[in-house]
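Shared between the two complexes below is chain A, which pairs with chain B and chain C, respectively.
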Partner chain A sequence: MNESERNIYYLRGIPVPETPPPGKDPAPWKKTDIVGTSIPRVDAYERVSGTARYPSDIHLPRMLYAAVLRCPHPHAEVMNVDTSAAEGMPGVRAVISGITSDTDFAWWYSKEIKTKIFDPLCRFEGEEVAAVAAETAYQAWDAVRAITVEYKVLPFIAEESKSLDSSSPLLHPNGNTAKTDKYSRGDVGAGFSEADIVLDETYRTECELHMPMELHGCVASWDNDRLTIWESAQGVYSIQSRIAEILGLPLSKVRVIGHYMGGGFGSKLQPGKYTVIAALLAKKTGRPVRLFLTREETFLAVGNRPPATMQLKAGVKKDGTLTALEFSCIATGGAYPANGTGLVDWLVRDLYLCPNVKTETKDVYINAGPSRPFRAPGHPQAAWALEQMMDALAEQIGMDPIELRLKNIPSFSQGREGNPPYTTTGLRECLSEGAKAFGWEQARKYSSGSKENGHVKRGVGVASALWFAGGGNPPSTAVVKLFSDGSVNLNMGASDIGTGTKTVMTMIVSEELGVKPEMVQIEYADTATTQYATPSGGSKTVPTEGPAVRAAALSVKQQLLSFAAADLKTDESSLTLRGDEVISMKDPLVKVKIHDVTGLKKRGVIVGVGYRGPNPERKVVNPFAAQFCEVEVNTMTGEVRIIRFLGCHDSGRVMNRLTYDNQVFGGITMGIGLAMTEARILDRDQTGKMVNRNLHDYKLPTSLDVPKEMKSLPIEKPDDTANTIGAKGLGEPVTIPTAAAVANAVYHAVDVRMMKTPITPLQLCQALEKGGKEGSK
Partner chain B sequence: MTPGFSYRRAASIKDAVTGISEGNGRILAGGTDLLGCLRDSVFTTNMVVSITGIKELKRIDETPGGGLSIGALATITEISESPVIRERYPALAQAAAEVASPQLRNQGTIGGNLCQKPRCWYYRGEFHCLRKGGDRCYAVAGENHYHCIFGGNGCYIVHPSDTAPALIVYGAEATIAGPAGMRKVSLENFFVPPAKEVTKETVLEAGEIVTAIVLPPPLAGLKSSYRKIRSRQSWDFALAGVALALRTSNGRVTDARIVLSGAAPVPWRLVDAENALIGKVPDPDSAKYTAALSVKDAQPLKHNAYKIPLFKGLIEEEVVNISQA
Partner chain C sequence: MSSDADKHECSCGKGLTRRQFLTSAGAGALIVTASGHLGKDQEASAAVIKSGEETKITLLINGKQFQMLVEPRWSLLYVLREELGFTATKEGCGRGECGACTVLIDGMPRYACMTLAVEAEGVEITTVEGLMKGEDLGPVQKAFVEHDAFQCGYCTPGQIMAVEGLLRKEPDPTVGQIRQGVSGNLCRCGAYPHIIDAARRAAEMKKSGAL
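Showing the complex of A and B:
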């Protein structure tokens, strides 16, 4: 190889990090050459040009199309299903329902209550009743419409506030309470009596739907006893294990492939009934079956962020010391146990220093689709309550909202047993550096001043957050394969759900091996050919997979140095990898080209395996955040415009500034949806059916609903205790404080509290008419 | 997925009229509303007649008397960008610019915007409501956040068009072709309130289609505007909208037109409020007075009382804005 060819592969002259002895953790990176830079996504071309094949692009020879008949009532018993007309229709190859013999498989939203794939008792609108496989999608839908079902329509519950009424129908034999969780520390009674100010408010966040761009679904195909599934999923191994369990198959006989996927936000962590239905139809017909839901179906049956009504009582001393927080919440995970109150009290327990905290959360059943985890489960809801309360307390004691928050920053996790310390917390810097970058003080004064001018008022608001997880954890296995020309394969099981995982992992390999990013090829998200990974969610993909990938790259280096040491008859600890050579640090004349290393030649490749190590003991790894925004409120019409946003985040090391900022802006956008536009609306007083099940009536924010000025300011504190790459999660904290920051800015502008989402002229017009500052009610 | 129908591409207006006269025909122009209605089973059809090949419907022409004739196939984008409309009929250009989203404006036509079906989520959803021939209006006891505060009578839809109120303030007329020939109807009388007939939105009879909208020359010195308030800044119908036209002489209002969108089952003209403005100086006080008068007859439902302060605020703000413009 001549010089110029070598440069195809190697970053010239850049020394790679030290190689630790086998079995030892590597030292934290000191200076990095690739990690932390801004490089475009490694698969940007494929995504933008349309050559990337998503699961919904999969078309197999002889493939059939499936469609599902869903219960049109929120609560009904299926008395009879007549599929005879459908079966005789052109192109129809299979019809299955609760009355066909081959569908008797268990299904569960969580393990407490098992149901069936086609359960005769439908507890929510959209629950599956029958399914068809046909030669075309149109034929499948025509056949679905030809199925006659006799329903016994039952009384329904559409509001969680009515779930526990004695007159309400029972959804499950043991009553309508899915679970009650209680937590207490200190003595809230004593805390409130110490307080100078005590406020007690009720807040509500509406039900929000995930609405990823790519619909939910899969293609299923059998090859004798082996099932292959191409699914739009956040993790292939989680699909594999659940489907194997339901169908009673060995893991080795279920292959799940999920390369590209068009978003999930938590709703694709697990398979759906659609996955099982596709597999059953494929089995019955002996042909591949494609089952992707329609957009309308995804409004009903593939999860949501549970609506939550939260009461928060808080006490504060005049000096800003929080004395007590008492929180209760009633929320609903829908018609089955689905963790409707999961983590909804966490911020109250953990975000601010407070010795006396009591929480009680109740998850109740209603006749609506079961929830699924939604980007930072529980947290944006809690932030809506807690962060508005912090503002209200600050006003009552005449303190700046940021100052009050800064007064109450913990260095350890109070919500966990034994108060374990955080490995790092940048909450203070998120607030103080963010305030500086935002121009908080000036904006706060200027905005207040503008109240005198005309009927369009300006206000600024802040909210902060932490995220319960985000530290990552074992298990994860990654494999790096070094070819004789120095190019590299990275093999990992994790999915890239749009956050840039592939790009970040490429950068880690590139950093360790000194190979150019474009010479790293990734194989990923396939249970047959790539390594084990938990699904991408919980903001844990980078801190989970990153260290495993680094370890795999290090293993390659260790083996390479060991082989080279044998060739060079020297001690491997004196050797280092530089460009396409292994060279002695003592004597630069002692060196060998990679492709001449005997051990590599003998094997053809060097394979390094990396595992995710354990997290530090008795320490908590959490990301922290503060967001700032400025709004303009028209007091005559209740219109709110968001003028600018700043996201200030501590997620440890910034792996790639471009994908980092993408996450921040995406999270803020989603938070604006919660704050301003999104809400599931059920016809609560008549039919219980969802009335806004389309993208026009269910209002996702558009580009005109987000501010032109969005900024991201990372508080970069590499977290060397957390893991070997120093990064914490980012994908979820970015959406936690957003809605609360908007509500606080609206309050600052017009002195009216937004107790409920979404903030629209519907709510604001009436609130403005009523008027009245907090505490003056 | 849609019920079976025949498709025919009309070569002329006459051909189109013949086409839809056979059975239950429907016109396809931009198709942005028709396809949604068919897919959601809002109605069925046995014959879809495309008029997109009829060249004479694609035009915006100045008329000899200084007015304007807009072919039914002129797109919403063409209307919002037309220099002559922007200059002489600014409320119409503003209304067109506020319609839906850029893609829908590029595809949707003025004829379709006036003849579109209501957006009530019961009407569009799996509910056999009064307007679809059922026995009740689900909005009465239902989720009526976006429903009407004026003119509800059995049915409580709001008229979805942004362009209709703007056209009405200019006194526009619809030209209609049908089996019996051509006729003209002023746009103010083009829409059918539920009190008159609950399953119809326009005066179009079987086999009739709108071929053009004719605008008279604008009054000298007329100031006009359209403003729309919505929950989302693009691709959303009006929570409240107002088309306004005022003319003053010696500082006092001589002519006034106020027509609302998002308020009633048809574009809602406020004659009392218009009359109250006449003779007044259009200042903040008279704006406030007019606004209060505008909503005095409102009859809100359970979840839409917010529309009263909203319309009040909107009208007051717009009267002030237009008088200062």
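Showing the complex of A and C:
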């Protein structure tokens, strides 16, 4: 074999980063050769060829199909379930409900209130009442329709603003308040009296549904006492622990596999009742069972971004100093405790310098599906209020909205005890560099000029953000395995939820070992065969897993150098890895090919284990952002056309520019949905049922709804204090400021404030009717 | 929401627009009403096949014939995925709203969930698997890889088929035509800008004959 053939696995001539002595943290990368470049995803082939097997594609021998009967009423008691007709139907193999044996398992949305898998009291439309397993999906649905349920229909409440009225039915014995949270610093009263301008406004964001393209569900299969679950999930270990707890099984007996998954956005961090139901039906029939919900069911029962009504009072001095912020919010996590107000006040507490802040949030119950975390919980809602308020304040004091924001940029986290500093903040650059790239000043002048001419007005808007988390944290374990031919296997438990995790982790291994990315094979997201990882949420997967993967690669390198040192009869600290060789830095003639290293040949593989180290003490790792957009508003029809968008993000080091930009555009697209079209509509007066539970009536943004011009400008500040790869999270900050930026642009175009999402032509026309600036009050 | 200036320049992409579909469905209803004897003819012909009873059909998928028994109510999507194992074609809604199940029928993008398997006899069905040459990707697939035109990848086979169908009809589409051509395919991850770039690139690749 000649030299070039032998070297196929390695990036010839590229020096790899220094190898730290065992036990020492690696130095930050000074320059990188692979990390930060634009490479297509390592699993792109599988995803475009159709060979990627998603959980909903799993088809096991003798597998049955399951379907769930759900309560059609928002509030009802199940008096009787008659499954006799269903049981006798063709292909039906099992029917279970609250009255059949072996279904008495607890369920909880959060630990405060326990319910049952088939609870006799249904508190929202879509609660599970019975389930069927049959030979085909069609037969399963035939049987579901043949089940007769006697319901005692109860009064319902479908509006959170009326939940606490004495006339409203109680959902739980202790009343309809799920929780109240309060926060205060300084003295808002004193702050408002110092202010030159005080504004007080009420904003609202409607309930938004996750709607990942792959439906929620799983395939469950038993081998005696061992349960295997293929679930469309954001993390396999979180599914494993919850299912083991519910079914009373040891963790070792529950294997969860979640290789590919078709999106989650927070709604697949945990298992659903569907997971338990599939396992129960599989147990009862002794056959594998696939249970995937229909799209309609996913509108009702698998989470949402809670609707929020937010009152914000703000004081500012003429020079742009914020003096006080007072925020109150009523929101609903639905029919169970589900953190409906989680983090909804965070931006008010933390985004801008302000000495006097008071917030109060109240989460109340209504008869609707429980919320689940949704991409940056609480933040897009708060941005809708705070970022519109910043615009309004800026106008009142005659200051540019960007300038007002720049005047109030903190270097530390005021919302946390003791004001810990951020490890890095690029908020200033996001705003100033973004404004330059967007052409803010010219665009603002140009747009203002459009007010005189015609019925189509232009406007530009900006909004900024930070994300509460995004720094990652322990625990995480990763394993890198070097084969005797020099190719590499990476083993990690984390899921790739579409953000490109596998690609980024491959790039880290490639960077450290010099091996070509295509020579790295990944095993991931399987509780039986891969290492522990927390679910992919909170924009933390790259900053959590990345350092563990880097540590594992370093461990391999250290062991390899040590083996090579024995072969070369030299000190390992004088050796380095270059291409497919270990070579002496003192004498280039002293070298050995990786595949000739005796220790590696003898052992077969070198295994390196890496752990995620702790985060820096008393420091906060957060990503920051500013987004800019330009809109055209047709004042005759109320239609808004978004012309262009710029996402300017500080998420530390950019790991892969190609997937980075994709993530930015995707977040903006989802934010456009919140701003323009998405809202759960409940028939609050008559039936309490959701009326737009399909993708025709609940509008997700399509290719025609995103602006033709979308740009991403990373503010790249590798955060070497945060972790050993210098990256912060990106997936959530990208959707936080979007809706507010659109609303600000609409205001700039036509001088009316959109207080509520979505900005429908109807709402806009009504506001225009009220007229100009008065309409905003 | 936002009106699109290009909306009207494209007569390609989907087999039928929603408006055309409604028009033709309306016309169909009219004919039935006008000819009252149609029902009688049906009564006189072969017995109605009930759900649960199977009928024998032959499907032409990716150039190969498949003979099988299907229930008359089974959708083409169900048969492709569950009976034949063509799992690249995804189910996202099962009711013609999301486009994840888009396949080509006689070269035109169609929702497999809205087509009954028994209706799909005698037409040429192409799935993503049919765009491959052995293990090699076709040009649209390659362009999707190059431009990172997906995130989770679940809507991707449908997007690819929509683009493939568009390019078969319009080999050199404008950005407006592409936006229109994939507008029946939802991508919740929001990879649209990259999908549009990939479609342009695929057009170039096809033109230059690079496979």
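In this section, the second predicted complex is superposed on the first by the 771 of 777 C-alpha atoms of A that agree within 3 Å, B and C clash if a C-alpha of one lies under 4 Å from a C-alpha of the other, contacts with A are read in each partner's own complex, and residues count from 1 in each chain.
Here is the rule we go by: contacts are C-beta pairs under 8 Å (C-beta built on N, C-alpha and C of every residue); 3 or more make two chains touch, one makes a residue touch a chain.
Worth saying up front: this structure is predicted, and the values here are computed from it rather than measured.
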Broader residue contact with chain A after superposition on the shared chain, chain B or chain C: C
First (chain B), second (chain C), both or neither touched by A:E417: neither
Which of chain B and chain C A:E617 touches, first, second, both or neither: neither
Partner chain in contact with A:D225 - chain B first, chain C second, else both or neither: neither
First (chain B), second (chain C), both or neither touched by A:E214: second
Contacts of A:I642 with chain B and chain C, given as first, second, both or neither: second
First (chain B), second (chain C), both or neither touched by A:N662: second
Partner chain(s) touched by A:D685 [first = chain B, second = chain C, both, neither]: first
Touched partner set for A:T677, first chain B, second chain C, both or neither: both
Common interface residues of chain A - those touching chain B in one complex and chain C in the other: 137-138, 142, 634, 639, 676-677, 696, 699, 701-705
Residues of chain B touching chain A in the complex: 1, 101, 119, 121-122, 125-127, 138, 141-143, 145, 229, 231-236, 239-240, 305-307, 309-310, 312-314, 316-317
Residue ranges of chain A touching chain B (in the complex, touch as defined): 72, 137-138, 141-142, 455, 634-639, 676-677, 681-687, 689, 691-693, 696-697, 699, 701-705, 758, 760-763, 765-766, 768-769
Residues of chain C touching chain A in the complex: 1-4, 7, 51-52, 71, 73-74, 78, 81-82, 85-95, 97-98, 100, 127-129, 132, 137, 141, 144-146, 148, 150-157, 160, 175, 178-180, 182-196
Interfacial residue positions of chain A with respect to chain C in the complex: 40-41, 43-54, 56-57, 59, 90-91, 136-139, 142, 210-215, 260-263, 265, 292, 294-295, 497-500, 634, 639-642, 658-659, 662-663, 665-670, 676-677, 694-696, 699-706, 708, 710
